[in-house]
């Protein structure tokens, strides 16, 4: 390979690794966000779920997930024997870096689920679900989309004009679909909905953690979207990456501001948790197409996400779909918005393609997840007992309170 | 001896402590409590759902005093804890049969 | 463009984006630092201010700020239609990356203000100030300095020997000047200063958060100073960036150690909050010239910052200038020190140039900020009521306590 | 230098700086982990130790440490006068970047110590130990290993087949050896071990902080191991870096899962703190050789670390070696495992070489550290008084509680 | 007057408060306490070491009532706090000599 | 019956609980309080400003016992809570008119 090709390969690889590390960092963001938004008696358990699901995702995707999605062999043995690229033809970057970048996406999808079913799903049942989701459910739909495979040999989403740049649908809505399946399978937290139709607030225990989590996610998202350009070593790729960074930031900002204002108008208070969800909604909304809008357009798309997320959270509560951290709204409702926004700035995408793609992903993940939750339920309890729920899953499942000294 | 127990507004604690010191009280015991009374709690909104914060933070002050001091103590607390607004709190007096200073074993008023 | 020029463009762009992401991360640092140093009853509100001000800064700088400072057009429409650079002449990096790197600096300046006026300024009044500061006040002085424009057409700071490498004055002292204006406009927290001249301590509620915030800022500062070399794709640029990283780290270390020792000598205790302010003071002190000193010299400059910040904090309290997190001392007093230190290691800078530049920045930002605070005061209250202050701004403004469960 | 060599130099330098910043970030990880695992009354003090030890490490390594380990001159004056590389011969990257990358490793070793002696060692005695450790003890053994110097002129570890890619032994076990010396020199926390042989649990005060710390360390470790390839600007180097990132992640995942399962089997509960220690154990285990194993093998090596760490923690408690955060087990016991695992996937290493190398490092660091602790003890108390220990070192040493408002 | 002090299970507080409101009690003071009794604590494992959480969280409710109301108050609390399981808690009654409403200076039953 | 209330140093709680168990006391209720007395608080410095931490953490132990047990209870607490240093705390005794075990409805000494 000539010197400039070598350098290009090296720069692309390094770019992938840096972006991947930022996405890995999002796992900490989800952990902190969720730890901040649950009640303190369920904090240790949600932390445990978050760090272990990340470990499971990384392991299962290595074992079979990557192979299902892109090929490469069980246990990655299709990568050359020393674990790196075969050198016959000059690839654009190290295959290991590609795996590393892809694997953290799986974990992101899975992290979304933990938030939706927080405070009541059994730890080990959840971890088993994580195995199935990261080994099979996500890689299958990932294969149909980024892997360019036909959906059950029937139709090809790319051909239908489906475009999902960094995964508003493939990652975020997929996670939300699994979360929704979980919530429907196990029900709401005890006491969340009164028999008279009232919705009882259960304030999260730690706002600084929730805010920290949001900042971490915001930062990590630069890797999530920025890395999805998949190369940076030419002028046009570098420009594309820069635009993606800029637009990602703009959309988060738009989502934050609009969610704050909408919440203020609706509730009369500046609800921090809605502003945080607004940031994330802005990010999810732009993720399907951060490369094509202008900065202003990106801000507006993010802002729409921010408005939508507030409405979605309130509406889900009316439907008694209990999502303690707002994961289904942020990643699901707004994920769909993100898909539908793409055709307005990108002519490669069509509304119909986006709808069919969204429905395919949602349908597949929702159905398989729901079945999985039910199957697990035959073997072990998926939901904590009433008594455990009252006591808190920290004591019940982990034998350890999150803040053992602060309880009076 | 009497045990005088007052439930007051938290930010009045310093004033009460000073008023008690001024009349010669040497020791008090304080705890954080929540009160429910005529003064109503406030309603909060969290992610669109209302919830009532029923109980208001109050501070409980316990002072053991000799019989002679009881009236003065009540007056000192009343004067220093009063804002005139609802929720100022209450003073309760019960009879104290015995008191002991653990360090020395002294009992009765000598132990206060 | 030839292959090596393409690669150079790509590497510079990637370097900008990575450094920019690190600076963005500083927003989380300020949020955690301030959340740790206020009392818990004002924590949700300071978190809200911090994340929303970041969103506002990103939006307003896109709308007009960047154009005022560097040109480029309202809404960035001077960048080519696809949001990236016109290709007529080979630029050194993607224009979008430049915007991205610049925009996070604006947010930094604004974050400084929130700390100074913490625990008593109304949320929405603050956010309106953020709009003015990031759209107009900061870009104007940024134009005079990094934008090389004449100050009101009268004089040019660059010609006078003013050098501020990464913004000790342009960013940090500017933020502090606005913070000082805010403090003077709205006064001290209730109960901070006794009528007998006594200073009442109001300990911050959460030391781990304050420490985390400092570590985040320390890390982010590598992007702040390191990115300010503005290019890295040649040997000399790469060397410069490496020196800047090394010196930035050395100065923070010096500031930390000296502040700890000075506080120990003055107060008899190892005051963690002073050590944290010392790290930041070291960082601010080196920011005006991290490229020229030797490592030892950088450590000493940082150490001077660490000593100065302790004295400044105590002095401001004597003057009844109430700054809950020490922002005015860290970024203002030490920012000026940073400017004055440059001529000692960089012959391009002159003492007079630094003084005139510092005075220009301070005067402009202080006066316009003070006027802005007053103008906002005609329309809405800028300060919480006595009752709200007692209750805490979390309940009053956000309807949500930061740690709802831990209060007895 | 020709254009591609310049670019290669620049890319390598930037890669070093990014990896170095990630390793610096590990300092925050240790601070949060330790702050979460101690009791709240000792939190401010452990935070103070962590940030100041980092500052001390950076300063002392600049003053003499780097020179002892690699040459380069006191105060780095062997680097060219402007603080950057002399240009006579084309180096592969900026010398300042090399220093920056190396210096954060010293701090890592030192951070390990603070956890082991937490909750009872005097702050200033600890800081003096930090001076000796980072100026002298660590650089000396670092010189024998990465510096390729003969051990006391007697034997050369490299010649004996000692391989420690990123420092399972050189950094982690070294830190643990110093920590063990400290624990033996100052004894267990009061009340930790009953006279009847019972072990009293002293639960850490803040699980979210401990989890955050672990995520930070996990992220930072990509820089720690990834940067240790020492170059990235060729295809083979880029591949190596990518493999290292992948394997580092895989090992952490393996360690996490296995530790969780082992703890569940042993204690009947999903012990979060063990899962966290398991992640770190996986990371330590792979650190000596992250470049050669397959992904599966890396996961297994990490998993072995995760199993070993649980056993080691329980065993040390039986031996009444009181290590509040598990530092000796994570970094010491598992560090040795890491060294011994290398020969199985890397033919450059021999079991005997690894044993001799491990013994040399451990012996040197342990003995010199123990002597240093004792010598410091002649001049000042190294352990807090009984009364101070009861009251907590936060009040006693820092005059400031970590959460002043939350105590009833 | 009587001071009725009840130590109850925390999650029963809302029921007790409602039961007391229903019989006309206008004020109560609540605090968080830890109880040690027949109901045993649980054993926890932390990093392999066992520790007994001896004390269980309980809620203390204090209600000052007129002599006539005392019996009714006890019954209301008993009924509403009962689960039938061990650890339901206790009610203690002491005699209250005096009570004062700080805001108005009213004393005796008028102050309750 | 008597209600014996002791304000003790927090780290003495375990000793007191054991001493009470030893004499057959079956239940106690504990709360965290702050005490102000002869033992003075300490002065802290925060960022150069002094502040006095006036109130010291103490633990309040409440034990309801039969009349016969009262003396023994006081002695057990005195002996186990004593360090001989200032701030060891106090024991207060009041008369208990009634007690009820919520679970069973038992009253009087049977309820203790």
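All chains are identified by letter, namely A, B, C, D, E and F, in their written order; residue positions are counted from 1 within each chain.
Keep in mind that, in the parts below, a contact is a pair of C-beta atoms (placed from the backbone, for glycine too) under 8 Å apart; a residue touches a chain by one contact, two chains touch by 3 or more.
Quantities reported herein were computed from a predicted structural model and do not represent experimental measurements.
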What's the minimum number of touch steps needed to get from chain B to chain E?
1
So using the touch definition from the top, which pair is joined by more C-beta contacts, D-E or B-C?
D-E
Cα centroid separation between chain B and chain D, in whole Å?
52
If you average the CA atoms of chain A and of chain E, how far apart do the two points sit, in angstrom?
46
With centres defined as the mean C-alpha position, give me the chain C-chain D separation in Å.
32
Which positions in chain B are in touch with at least two other chains?
31-34, 44-46, 94-95
Do you know which chain A residues sit against two or more other chains?
4, 7, 11, 18, 203, 206, 212, 267-269, 271, 273, 399-400, 403, 406, 408
Listing every touching pair of chains gives A-B, A-C, A-D, A-E, B-C, B-E, B-F, C-D, C-F, D-E, D-F, E-F
For a test of understanding, state which residues of chain A touch chain B in their complex under the given definition.
199-203, 266-269, 271, 273-274, 310, 313-314, 317, 326
Can you list the chain E residues touching chain A in their complex?
11, 32, 42, 44-46, 57
Quick one: in the complex, what on chain A touches chain E?
390, 395, 399-400, 407-408
Which residues of chain E touch chain B in the complex?
3, 17, 26-31, 64, 94-103, 105, 111-112
Going by the contact rule set out above, which residues of chain A touch chain C in the complex?
4, 7-8, 11, 15, 18, 22, 39-40, 203-208, 211-212, 214-216, 218-219, 222, 226, 232-235, 237-243, 245-247, 249-250, 252-254, 256-257, 260, 267-273, 275-276, 279, 293-296, 299, 403, 406, 408
